[in-house]
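Following are the structures in question.
In the two complexes that follow, chain A is the common piece, with chain B as its partner first and chain C second.
The block that comes next holds the complex of A and B.
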């Protein structure tokens, strides 16, 4: 157990410093939900940023926003989760390789490695402490959070900067579309739940958190526990895992006030989300959120941002309608996410 | 020579993504590394690729790099000299 004492998030919604909590909601009519980026010069020296890809600039900026939000000087560890890493740089290097291998530009090659994000954050913050990167598809952020909790529990760190980041490019979108994962045409994000176009709505974003040993006046919420479940045998098995997970954290199913569900607009995928929660937590209020941020490997970061803010503000924005009704109290929130029924994750956030 | 210098300036700005710098901001005789544009070792690698890709010039001896990449003018002189030999 640890406390979320700072948040820095760049997303397709108004989540930059100074904006209200998801107000006004941002509408996109596009093939994927692109992040609203800050003025990078406010966070990164232009001479340094000139060779950084968009993903790295998003990572450094959200990390710096997070550290500023927590009001700490320096984190004791930097941990990043990313499902795909620098897609843009990887595409550049592969494009050059496919043309003529002897003319490889060094910059995209250097930055196409996954751990560039965490290391560039460390260079920018001048942080010489523990630095790690998890690249485990839809478990990337969850693995990062588990590491952060272990660092706190073992006393090796007091404040851990932990976050998840992924970017989407049109090229990557078109390749993955062939597998039938993403929608084949642009839709309005706020129409996601009524859209007849099959597939999920793709998105992207960066979300960093200061995970701390102690509660302070900056605390948003308590990060109680994180668990992952790989390739469950059945929906019943997944539901059993949910009940056991919350029970191990001292809660009964009726104690969970709100579930942030991982629905993404793909019918088959969403049925699994609905069945799991219906079986495990039939009385809990639940909401969907991916019409705001889209689907990506580290999307749980957006959900954790939502849960932490809902608990601190004791308020649910109008863009996130609850079913069957708004919860009477907001003490315990469960985030359930899954990636094509292979990688299920559960994050328990408490007030 | 002036034409080549201007072409090189544009190529360097693009290759190194020098967003806030225009052709007129670059003094052809000013050092590219350290002072002047303040380029670093990764930029040096990018310039080596630029010479090979755009002008077909491969630098055989790395020691020559310091002299060739001193300024835009020394780069232009090296390209001209190399093209005469070819």
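The block that comes next holds the complex of A and C.
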């Protein structure tokens, strides 16, 4: 157990410093939900940022926003989760390799290496402490959070900077669309739940958190526990895991006030999300959120940002309607996510 | 009191051999795996020296006993071979109820197939089955599926220290009581992608690499996979597995200096080794051997050498880089060299730093030039440093010594 004492998030919604909690909601009509990026020179030396690709800039900026938000000087560990790292740089290299095997500019190669984000953050903050990167689909951010909680438990860190980041490109989207799981045309994001176009809506974003040992006046919420589940045999099995996870943390199913569900617009994917919660937590209020940020490997970062803010502000924005009704109290929030029913994750956030 | 962590299984495939025994035989016979490129179709074919695993993908499939029901990248195949060996070595199948985790390191993931079919991905549906084998998690999940593992798993990518960090994270999860046992290590296949990437950085040697030599001129890339089975002391009482050695220390630190260069004084390397040493309860004079990261680049060897001299003031233990045997197995280097260090510990052997003849003027110590046998060894350190200054160090100790 630890506390979320700072957040830095770059997302397709109004989440930059100074913005009101998701107000006004941002409508997207392009192929995927693209992040609203900050003015980078506020966070990165313009000379250095000239050579940086978008993902690296988003990573450093959101990390710096997070550290500033927490009001700390230096984290004791930096941990990043990313499903795909810098897609843009990887594509540059693959493009060059498939035309003529000759590339002389090492910059895209360096930036395509998954650990570049964590290490660029370290260089920027001059942080020599523990530094790691997890790259496991929908376990990427979850692994970071597990590592962060371990650091606190071990007493090796007081403040851990942990976050998840992924980017989408049109090129990459055109490739993964071949798998039949993603929407093959652009839709208005706010129409996601009524759209007749089958498949998931793609998105992207970066979200870093300061995970701390102590509750302070900066605390958003308590990060109680994180659990992963690989290839469950059945929905019942997944639901059992939810109930066990909740009870290991001293809660009964009815203590969960709100569930942030991993629905993304893909019918089969969404059915699993619905079934799991219906089986495990039938009395909990629940909401879907991916119409605001789209689907990506580290999307739980957006959900954790939502949960932490909802608990601190004791308020749910109008763009996130609750079903079947608004929760009577806001003490315990569960985030459930999964990657095509292979990698399931559960994050318990408490007031 | 956190549990002690015992190593009870090893699995290793590299250019030197397809299992631990073959790798040991090559080491004992001073047989380097560095040679010309055989498998990869690349313009660099005649230009670079590398260490490739001899088997083709089809041969690896057969060796691992896999059916053609799924598509496998070379990265995954190498991982499966080594993880299978480690797992069978520790006989874990007979112990239900033990929570087994899998922590795997990789840097380029399934890039080996992705780079072949990228144009197909963009223009047609003929190679769709390889679209989802591209990311780093694919090899980890297929290794798990092949062993029937359903417990906690994750994939680490900290460049050339990925496997060392996997071993470290696995150990931390066990000490925290989240796992009873773990398979940890890394896998990497050679790809045009990183051959060209390292080539563009101008840090590849066309000749066999010469770590810690004044004339060193860069890296020979290598491929392979290596996994360790580790279990807590309590779990070991249940499994009864023979303890190979104990993981007594680890450290992870960051250079925070430059994306691809090490700091001249080796800040990250020093901090990683210092953390590992402090945790192990050992002192600089009780470490018998350091398996250095020793890539053979100007930058790494100077930086690492200085960090070693700073930590082991006045009395540097035996040091060698075994990359002239295996090539630089990048994200698998950490676990491969951990195993090489453990094999030295088990057999009382200091592995030679091959291809060394000219001492570096900047360093006082010399790497071990010759193989030294019948050494009474108790404690070995294995260093793995990566791009981005992701530096990690592991310390293993002979079992039963206090």
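FYI, the second predicted complex is superposed on the first by the 350 of 351 C-alpha atoms of A that agree within 3 Å, B and C clash if a C-alpha of one lies under 4 Å from a C-alpha of the other, contacts with A are read in each partner's own complex, and residues count from 1 in each chain.
Everything below uses one rule, namely that a contact is a pair of C-beta atoms (placed from the backbone, for glycine too) under 8 Å apart; a residue touches a chain by one contact, two chains touch by 3 or more.
The structure displayed is predicted, hence computed values, not measured ones.
*Asks:* So in the superposed three-chain picture, is A:182 touching just chain B, just chain C, both, or none of them (first/second/both/neither)?
*Replies:* neither
*Asks:* Would you sort A:98 into first (chain B), second (chain C), both or neither based on which partner it touches?
*Replies:* So A:98 only meets chain C here.
*Asks:* May I ask you to decide whether A:289 touches chain B, chain C, both, or neither, giving the answer as first, second, both or neither?
*Replies:* It touches nothing on chain B or chain C.
*Asks:* Classify the contacts of A:228 with the two partner chains as first (chain B alone), second (chain C alone), both, or neither.
*Replies:* A:228: touches chain C, not chain B.
*Asks:* Using the touch definition from the top, say if A:50 reaches chain B (first), chain C (second), both or neither.
*Replies:* first
*Asks:* Once the structures are superposed on A, label A:171 by its partner contacts, choosing first (chain B), second (chain C), both or neither.
*Replies:* second
*Asks:* Pick one for A:125: touches chain B only (first), chain C only (second), both, or neither.
*Replies:* second
*Asks:* Between chain B and chain C, which makes contact with more of the residues in chain A?
*Replies:* If we count touched residues of chain A for both partners, the winner is C.
*Asks:* Enumerate the residues of chain A that count as touching chain B in its complex and touching chain C in the other.
*Replies:* In chain A, residues 102-106, 110 are touched by chain B and also by chain C.
*Asks:* Where on chain A does chain C make contact in their complex?
*Replies:* Interface residues on chain A, with respect to chain C: 78, 83-85, 93-95, 97-98, 101-106, 109-110, 112-116, 118-120, 122-123, 125-137, 139-140, 143, 146-147, 150, 153-154, 171, 174-176, 178-179, 228, 230-231, 342-343.
*Asks:* Inside the complex, what are the residues of chain C that reach chain A?
*Replies:* Within the complex, chain C touches chain A at residues 42-44, 106-107, 109, 114-115, 118-119, 121-122, 125, 128, 131-132, 135-137, 140-141, 144-145, 150-159, 165, 169, 172-173, 175-176, 178, 192-194, 196-198, 200-201, 252-260, 267-268, 271, 386-390.
*Asks:* Under the stated contact criterion, what part of chain A meets chain B in this complex?
*Replies:* Those residues of chain A that touch chain B are 46-47, 50-51, 102-107, 110.
*Asks:* With touch defined as at the start, can you tell me which chain B residues reach chain A in the complex?
*Replies:* 15-20, 38, 42, 45-46, 49, 52-53
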